[in-house]
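Structures are listed in the sections that come next.
Both complexes below contain subunit A, partnered by subunit B and then by subunit C.
Coming up: the complex of A and B.
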């Protein structure tokens, strides 16, 4: 649920990058932070969590315009995957408006991807959210490793593994070089904003 | 609520992390004070335009104090809008504080203050903290029930174990220590501070209540004598099911304090031997929301921690087991299992009826019950932390 900040005339929504450990969630956010400097507000917060890092910064998507005269501010988060970080996960996922699921294209990570996606579904459900209804984009990351001769799954296979039922928009990406990173974020923000618009239209009808 | 307070609430509903986001988003200036019955003094965080600039928690200040406060998962917060003069000594951004604090809680690097959690984190505590006797603080005192005030000098014996007595006190100022008399001398159990009750709810009922522990003042202390007639009258009006729960809670407290003495005198019994061949009635950590009264047989409440099994108490006919919503005493179902004998028989109690009855109690009576459960939870934790 997005938050209306009346004082700042802002709508604040939350987009979370989810995925198995070392899949490139943080690389995604680091690339965004570097390449869209003008749209970033404040500093990037980086917390070392076991096996992964938890990142956060504020993002102001210029191209999306205003909603009801309010600016839109997007809080971008990554979330630590380890079981022990339950309070952190709760904090980050509570009230999430959009999710980017980052999958690892490496052959050996196939099972990790599927477990993590199931985990996402379970975690969302705990906060009353449905993975089929929440704005969701899937990213097949590390496509570049193919060129280095490492065994990488085909996009088709990954689609079948992860996106057969969800039918979420998906992108091939290589977060290290930035390929597909912007597209993934833009699509997720578009979906998130559409969902917000829908919410506001419903309330308009309610008022008669 | 203080008249300057603009927002107040319970941390189990809105966590400190969420309160931070709320105050940050609204760019508020003022003082956030956090009260826990497990801490003698409140924790304070100073906000300037929505940013935390300084904090105090016990002997800690600044950022360290804030992180320590993330461990206060139970308690009440209150934000009062006022001008502050504190220097900004915290250079960390809001979200970093929130994420770091929450992470430290997850990693067990800040001590969780509250009814003892399922995963006992106390073993990870630094050694400098162990060896000190914790102080339990009670809720605010309702002076309607205080009929007299008494002052005690340092090291005065307020209650002597083994003597008869029906008076109940509430600590108005200072700290008192509860001790058990043993053949080898006095064993300190716990210290209680402002707002805590001293005495026993059972004392309201029994004409000749025998004191089960000794109470001594640590430094100067002022205690209020509670209006026992008024409390007794309230007690007699309770349903028999409710009385049973109160008496049984008292029974648990007595058993736990005795157990602590056993541990001190190294007379611990082998728990495995006791529960051998017994059935599991409630498993630690399982969801269980029934309240049962024991008709026959015995129930053994056992906590399992990384350091082994601890027999907390043995219950019998007339005692209750289960999850009582208004008692957070840190035993079953969350933090202990219940083993029962072959011939065990129970009667289920109506949860809603008990809850309604509790809601209708006077503030002082509620506080006594809350304080007793907090006391039980803390003593249990101490017991399981002892070697």
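Coming up: the complex of A and C.
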């Protein structure tokens, strides 16, 4: 749940990068940290374990400037993707305002994507949130591996697998090179701020 | 053959680089099988030995990953951050500072930072409003790290210090016993007798142990000991399935994928209608038939799983007369 400080005209929201293990959630945040220096507030914190697997979460605070006279801050988080860290994922998801679901384009990761999306739906539900209603963007990551001749699913197939009914905005991406990373974040922020706009009834606030 | 092997080896290397160790292992195993079954490859033994070494190296790497600590001790900086990021009430003016601090301390415990969490809970014992929940969480931390003796010693100490009322001491004792029962840990020495007042109906007393709640939304209902190594719930509710695609590996439809809409679902049983025109399909789907490769279409995604034909009835009346109603019990999804 975003925090709206009326006195300070400040709003702070939370976006979580979700997805199966090794799909590139941390790589997304690392690219954002490197490429959006102006907007990044402070350091990126990664709590990882052997083999660079995220253990608890990654955290990156950003300052997005002013919207309707309010300073907008966003906290970007990633969750640990490995199946066994279910409780940690749920804990990190608490208070989420927007979600980026990072799917792995590698053919061999097809079922992991589906299982992770199901896990997201279940965890959101436990917080009383609906996957169809929450600001959600899907990213088809690792598209670059296609050029290396690796078996990669087509975007159409991934859309059918993951986005047939959700119909969330989706982007092909390569987090290592940064392709699609910015677009994904921008779209998620747009949806999140639109949702907060409705939630806080900003237009009424302006009239008042 | 050589080209295929080279492709597989390249894939295995990329998967390894990506940290997808299991997937890399699968590729290497396919390569080993191909080499074994081929009669045209020279240096067969040398190649097989090289692949075996790759598989062994992967296994060692996987072992290192699996045995890495799941809750290593974090720096002071990270612990401060955890407290700040996961005490959700800190900006709520209706919540006291102590309550927000308690929330942060619980977050530390949930992330396995028990020493840091214990320090915070100890500090919060001085606050009247946070004292009881802090004490319960101290006990919970001790039990989680298998120090039931410490938990009982702590109870004795609080009693001797008159930190809690008689009722509160009893509540804490009941809470600890419940925790131990749940964890099935052999109990430590029994604490000094606490007079037994009528059992107080509070948030925890007599119930299976739950961490103390400080907000109405029961946010701490999750056991802090389950932070890591928790498998997905096996008894989760079933998703709504709107359609299925069955892949047949035998019978008249062998090699085909047949899509059917779900007409009704009750838990893990889904009902489908098969047109009377598809009699051959009916023959392929006898009661008891195991369907090992089924795609279940849910509102959020397609899931692959298996099922078993649990019933097949010819519809005797109505607009679907003559068609078949087929029930599939979902076995895995």
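We take it that the second predicted complex is superposed on the first by the 167 of 208 C-alpha atoms of A that agree within 3 Å, B and C clash if a C-alpha of one lies under 4 Å from a C-alpha of the other, contacts with A are read in each partner's own complex, and residues count from 1 in each chain.
Convention: a residue touches a chain if its C-beta (ideal position, glycine included) is under 8 Å from a C-beta of that chain, and two chains touch if they have at least 3 such contacts.
Just so it is clear, the model here is predicted, and its values are computed rather than measured.
**Q** Counting only touches as set out at the top, which of subunit B and subunit C does A:34 meet: first, second, both, neither?
**A** In the superposed model, A:34 contacts neither subunit B nor subunit C.
**Q** Please work out whether A:198 is in contact with subunit B alone, subunit C alone, both, or neither, and reply first, second, both or neither.
**A** neither
**Q** According to the stated criteria, A:42 is in contact with first (subunit B), second (subunit C), both, or neither; which is it?
**A** The first partner, subunit B, only.
**Q** Name the contact category of A:88: first (subunit B only), second (subunit C only), both, or neither.
**A** Both partners.
**Q** Report for A:56: first if it touches subunit B alone, second if subunit C alone, otherwise both or neither.
**A** A:56 sits against subunit B and subunit C alike.
**Q** Could you figure out whether subunit B or subunit C reaches more residues of subunit A?
**A** C
**Q** Per the contact definition in the header, classify A:7: touching subunit B only (first), subunit C only (second), both, or neither.
**A** Only subunit B; A:7 stays clear of subunit C.
**Q** Take the contacts of subunit A with subunit B and those with subunit C, and give the residues found in both.
**A** Shared contact residues on subunit A (touching subunit B in one complex, subunit C in the other): 3, 5, 45, 47, 49-50, 56, 84-88, 91.
**Q** Which positions of subunit A touch subunit B when the two form their complex?
**A** Against subunit B, subunit A makes touches at 3, 5, 7, 12, 42-43, 45, 47, 49-50, 54, 56, 80, 84-88, 91.
**Q** Please name which positions on subunit A make contact with subunit C in the complex.
**A** Per the stated touch rule, the residues are 1, 3, 5, 21-22, 45, 47, 49-53, 55-56, 59, 75, 83-88, 90-91, 94-95, 106, 108-109, 111, 114-115, 117-119, 121-122, 131-132, 145, 148-151, 160-162, 164-166.
**Q** Which part of subunit B faces subunit A closely enough to touch in the complex?
**A** It comes out as residues 15, 17-18, 25-27, 93, 95-96, 98-100, 102-103, 105-107.
**Q** For the complex, which residues does subunit C have touching subunit A?
**A** 7, 10-11, 14-15, 18-20, 23, 26, 61, 64-65, 68-70, 72, 74, 78, 81-82, 85-86, 88, 91, 107, 110-111, 219, 222, 226-232, 236, 239, 297-304
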